[in-house]
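Note that the chains are named A, B and C in the order they appear, and that numbering of residues resets to 1 at the start of each chain.
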Amino acid sequence: MWTMIQTELLKLKRKKMMTGIFILITLLVVFAIERAFSISRSSRYMDSFGDLYTMTFKNLVTVFLPIVLGMFATSLFFDEHKNDTIKELLIIPISRSRLYFSKVITLFLLSLVLCLYTFLFTVAGGFLAGGFPDLNKQTILQAFTLFAEGSALVPLSMLPIVFLAVLGKSYLLPIGATLLYLLPVILLPAPFMGIHPLVNALCIYSFSSPTAADMVYGLLRVAEAIPNYKVCLLNMGIVGVIFSTASIIALKKQDI
Amino acid sequence: MDNLMIETRQLTKVYGEQTAVNKVNMHVKKGRIYGLLGRNGAGKTTIMKMMLGLTSIHSGEAFVFGKNVKGNEKRIYPRIGAIIETPGFYPNLTGTENLEIFAKLRGTTKPNAVKEALEVVGLPYKDKKIFSKYSLGMKQRLGIANAILHDPELLILDEPTNGLDPIGIAEVRKFIKDLCVERGKTILISSHILSEIALLADDIGIIHDGVLLEENSLAELQKKNGKYILLQVSDTAKAALILERKFCVEEYSIQDDHTLRLYDTTLDMAEVNKTLMLENISVISSQLCNDTLEDYFKKVTGGEGIA
Amino acid sequence: MNWTLFFFFTTFLCLCLIVYLATRLCRVKEQLFFIKEGLEDIKKGNLNRRVLTRKNDMTKEICYSINEIAINDQAQVIRLRQSEQAYKRLMTSLSHDVKTPLTSLVGYLEAVQKKMVTGEEKDEYINVALDKAHYLKDFVESLFEWVKLDAKEQVFQFEICDLNELSRNILTDWIPMLEDKQFAYEIHIPEVEYNITIDSNAYRRILNNLFQNIFVHGEGNQISIRISENEEQATIIVWDNGKGISAKDLPHIFERLYQGDESRGSKGNGLGLSIVQELVSAHKGTITATSTPTTGTKFMISLPKTL
């Protein structure tokens, strides 16, 4: 398995998409840091380090990361078809389920790298902008936990999109689906609690720290209690397993 | 049988209502080149794909190395090298990087397999050029390098000369021949060009509309090929003398003690027979063979011919 | 509190380690299974079998060694088989290609002995028989030469000499013959010294055979030879305006005993060009032929300056 993931990483060499992704994420952080510089510490919106990192985090996990991972997953699966390399892999032989898992793990790895990257940048930005009274070990650790949760939960909630990418006859379907998938999260997340994996992920974040809880309640625009994180996790797990199984079955049925 | 590298039994593939491959029984013998001949769309690629598990088998079985392909993939495929249609590679990587990925996944037989495989096909090692900038010929070469990277016992090559220029075709042909003769590989090759197969193969299978019409060795088929008169007489020495003196025949050969082969088919055989009789040579039989391999294939495929 | 956390952490690490080691063990076990299977196959005599291994396998050195043994043994087996086949080919050749002229020779001599012909006709018969005997002698000589080359037993004496001077010497011997046969000739050899590593006898044979081929098969009346040289190699182009070689025959002309349909029979022995090719390849050079029927044939030989 490790060899397969290694080769998945090798395949990314010289891909323009990767530079694109990193530029996008950097822009996101730079924007947040710029806010930290321009808004005075006396303002309610930027009076703590929590305000800074939740701002980057919520942009990251609700918009940027899902889109980026959706595109990335599509290219991981679809490019093997486009370049006709899938047949070369299958006659090695590599089983279709191993192929699927190696690609999903790569997806998780990319998510981890992006989250860590954003986290480090945000912390550095916090120090640079200065003036945050609560910028200490404890808040940094809290931020780290939040980003770590995000890095695992976002790709997990993207497994339905991966399923579409596996079916993929084109780029269009999975990328269009990603946008549709995101729509309820951005516009009206509350009714989807316990159903939509990305919303469930939001619910789970709220349990990691009070700052995170504030952010989640703000995003969900609800006052009442949100489902227990165990329920949400279970829900996400089930969705993930269902779509992984569906993906592998679809892969096995595919005629190359 | 021990000697068979590939055997298919009643192999069938149905796409919707169309039967692409119909009850094919194929036999590829060890150490030989098997040419699968048929027009585009006859089902050659589908057969190869079924052997390699790229397409599901509708019914029937495929055996490679005496084992059923289904369920033994891990034991069979590492011993096969294949090019199906055009070889696929990652366009953003160089040739060497591409091969290194496949070497990593598949494993190799020696420490510097990638370098050697590239040398064999005449591509530079550690070149900076990425695959998408390769010419068609270079792509095909890289495909061959990938197919022989793990020194497989069996090569399955689907139209390996497709899209190459005449010089490239000759090179690939020689290369394939050498793999068989000098390294003892068994090769299954498909083509829609009769002359191509006739130059390479030891055994030929003719496929038409998904049906394997005939399977035979080239030597056997070539006996049916050519324009000549087969003359069986009691005394070849005397017959040769008469033919030379009286009929000015220069182009003939003596097969065995009683058989002459005359290459001039315009000879008046009635006259020849009569003269030979007069000289006390009994003519056992005389037979005109006027079939070319092309004619023969036309006959087999029902008048439409191949290529 | 801190202790529980520490304990938890160490347990987690240990678990990870155990899982890692277990997968390693499984991998080695699986690899050992493949090695065992491969070795059994090799033991049964399948020297084509290889054992694949990855760069991070613990067993890679063992696998590499197994493969090396199999590769070396196989190379030896194939060498043996090839010399065996060369011998077989010699036997076939003797039985087929000697039989025809020999039988006809017998026919002529019998006619003379049985006094079927008298006077001038008898003399003519004896002359024909003598011609045939000479042809046979030449053929057998060529055949042995070819067999020696084919089996790689010929010992070459490579020395450094001036290719241009050597070529001029060889051509000087041919000029009377050219004039006798009323051939128009054109010779372009650079007036400089070009030192090349070459076996001069072999080179003479190459040119002689090419000229011979043109006389016997070409049916033209013009011939040209052009030599050009650069740092790495010398290129010799021999051209004639004869009847040319059909596209169907062209790929075969260097094959032993291949004679185009029209030339099957008495003229030539089908070994000349084959010998030329063997000699050229012994010099690590290449020879190619291009031809358009009815306008002529061009042979191009490239010889490297140093071996």
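Note that a residue touches a chain if its C-beta (ideal position, glycine included) is under 8 Å from a C-beta of that chain, and two chains touch if they have at least 3 such contacts.
Owing to the predicted nature of the structure, the values given are computational and were not obtained by experimental measurement.
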From the C-alpha centres, identify the chain that is farthest from chain C. A
Just by CA atoms, which chain is the most central one? B
Winner on C-beta contact pairs when B-C is weighed against A-B: B-C
In whole angstrom, how far does the Cα centroid of chain A sit from the Cα centroid of chain C? 63
Interchain centroid distance [CA atoms averaged], chain B/chain C, Å: 21
Just how far, in Å, is the C-alpha centre of chain B from the one of chain A? 53
Each of the following residues of chain C touches two or more other chains, namely 54
Would you give the residues of chain B that are in contact with at least 2 other chains, written as numbers and ranges? 78, 104, 106
Return the residues of chain A touching two or more other chains; collapse runs of consecutive numbers into ranges. 3
What does chain B use to touch chain A in their complex? 49, 52-56, 73-74, 77-78, 80, 82, 84-93, 97, 100-102, 104-106, 130, 146
List the residues on chain B that touch chain C in their complex, please. 75, 78-79, 104, 106-111, 150-153, 170, 181-185, 195, 199, 227, 236-241, 244, 250-255, 263
Taking the complex as given, what residues does chain A use to touch chain B? 3-4, 6-7, 10-11, 13-15, 79, 83-95, 253, 255-256
Which residues of chain C touch chain B in their complex? 34, 37, 46-55, 57, 63-64, 67-68, 71, 74, 77-78, 82, 96-97, 99-100, 103-104, 106-108, 110-111, 248, 251, 261, 264-267
